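Same chain, two partners: subunit A is paired with subunit B first, then with subunit C.
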Partner chain A sequence: MNVRTLTSELLGSHCYLLIDGDHCTVIDPGDKGLIDPVITEEQLTVDQVILTHEHCDHVYGLSDVKEKYHCPVIASEKCNDNLKDSRKNFSQYYNAFLGVQNRYDTDAQKEIEPFTTSADEVFEGEKTIEWRGHHIYMRETPGHSPGSICIVVDDELLFSGDTLMGEDVTETNFIGGSAEDLREKTMPWLESLPGCLKVYAGHGDSFVLRNRLNDKEI
Partner chain B sequence: MSNEEKMALLEDMFEVDKGEISPETELESIDSWDSMMKLTLIVLMDEECGKTLKSDDIKGFKTIQDIMDYMD
Partner chain C sequence: MTNLEKYRNAFVEGLGVSEDQVDGLTFQAVPAWDSVGHMSLIAALEDAFDIVFDTDDIVDFSSFEKGKEILAKYDIVI
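On to the complex of A and B.
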């Protein structure tokens, strides 16, 4: 299985394609038209989409992907609830936020209109699926947002969304974020995982879990 | 909304005790007045006042009084 990283113009968020043969799983389609060139060029079938959380920079391209590829979308129930509200998916405030923020790459700033969208298969707590012989485990990891999850693939890869970042401290001041949830519910689970997992975060470079947990403040 | 109600909302937003900020307080003197607090203000204006705050509006705010005036 190969992992392809595509970077959105919305705050530089990452969309990941898990590619196995001529099939793929999409994680966080954060921009319109982001995956289409790869899907077309490599003649891939999109089997499913998984969302790490509800924020617009990770789901802005979701409606287009659903319409074009007719694939199921998996998310936590809280994520799905918040996708349906332009305030809670942050798209209502995104443009104004662009004007006042100074933490992100200024080349990755594209204005959007408020929108709503939804998932098809929702879960609470945790969910496991088998996909083309791969074991995909999803678990709620609140802190950055109420609907945040992390995804472990084949006990080797961790897709952490914005729950765990390589360079930045996890942001818990966004709408619905909770430092207490991050500390009490999510960190103990992250710390229980094998340290050798390779982490693909929602922004920035990939890293090894052990190094991140040991080196810096979360 | 009365001035007392506005101030209570802003004290809650800035997470400061009553009386710790006043209308004359300059925003740049408040440590927590960063981009995330500005986002929180955008949300507060939307939810409490039904107003869509733009980044240019925020850049024009110098004091707590400026924010309170916008809340009318």
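On to the complex of A and C.
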């Protein structure tokens, strides 16, 4: 299985394609038109989409993917609830967020319209699926947002969304975020995982789990 | 509850700051009021006063005092 990283114009969020033969699983279709060129060029079948959390920079392209590829979308129940609310998926505030940042220290970035969307298969706690011989384990990891999850593939790869970042401290002051949940519910689980997992985060470079946990503040 | 109390409560809830920090607070004066915390503050204010801010007003909302001027545009007198 190959992992292809596609980076969105929305805050540089990453979409990941897990490619096995001529099939793929999409994690976080963060922008419109982001995956189509790869899917077309490599003649892939999109089997499913998995969302790490509800924020718009990770799901802006979801409706297009659903419409074009007719594949199921898997997310936590809380993520799905928040996808249906443009304030809670942050799209209502995204342009203003850019405006506030631009006023002080960053360059202009792509703007979006507020939107709502939804998942098809939701879960609470944890969920495991088998996909083309691969073991995909999903677990709720609240903190960055109420609907956040992490995804472990074949006990080798960890897709952490914005729950665990390589360079940055995890933001917990978004609407519905919780530093207490991150500390009390999510970190103990992350610390229980094999340190050798390769982590693909929602933004930034990939890294080895043990290096990050030992390195600096989460 | 008066509008001023609702306004002050929104800062406490949205930013997670204490009540004695609220008066005269300005953007980035405390770590909690960064660009991310700003959006939580805006959401708390929208909930408190049942309004939806225009994008420009969200960007212009740079202090406790400036916010009072902006809310006046929505017919809310603090």
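Everything below uses one rule, namely that the second predicted complex is superposed on the first by the 211 of 218 C-alpha atoms of A that agree within 3 Å, B and C clash if a C-alpha of one lies under 4 Å from a C-alpha of the other, contacts with A are read in each partner's own complex, and residues count from 1 in each chain.
Simple rule for what comes next: a residue touches a chain if its C-beta (ideal position, glycine included) is under 8 Å from a C-beta of that chain, and two chains touch if they have at least 3 such contacts.
All values reported here derive from a predicted model rather than from experimental measurement.
By the touch criterion defined above, A:87 reaches both subunit B and subunit C. When the two structures are aligned on the shared chain, A:171 is found in touch with subunit B and with subunit C. In the superposition on chain A, A:97 makes contact with both subunit B and subunit C. Put simply, subunit A uses residues 87, 92-93, 96-97, 99-101, 103, 171, 173-175 to touch subunit B in one complex and subunit C in the other. Only residues 87, 92-93, 96-103, 171, 173-175 of subunit A touch subunit B when the two sit together in their complex.
Subunit C contributes residues 15-16, 27-28, 32, 34-40, 42-43, 46, 52-53, 55-56, 58-59 to its touches with subunit A in the complex. Across the complex, subunit A is touched by residues 35-36, 38-40, 42-43, 46-47, 52-56, 58-59 of subunit B. Interface of subunit A with subunit C (complex): residues 87, 90, 92-93, 95-97, 99-101, 103-104, 171, 173-175, 177.
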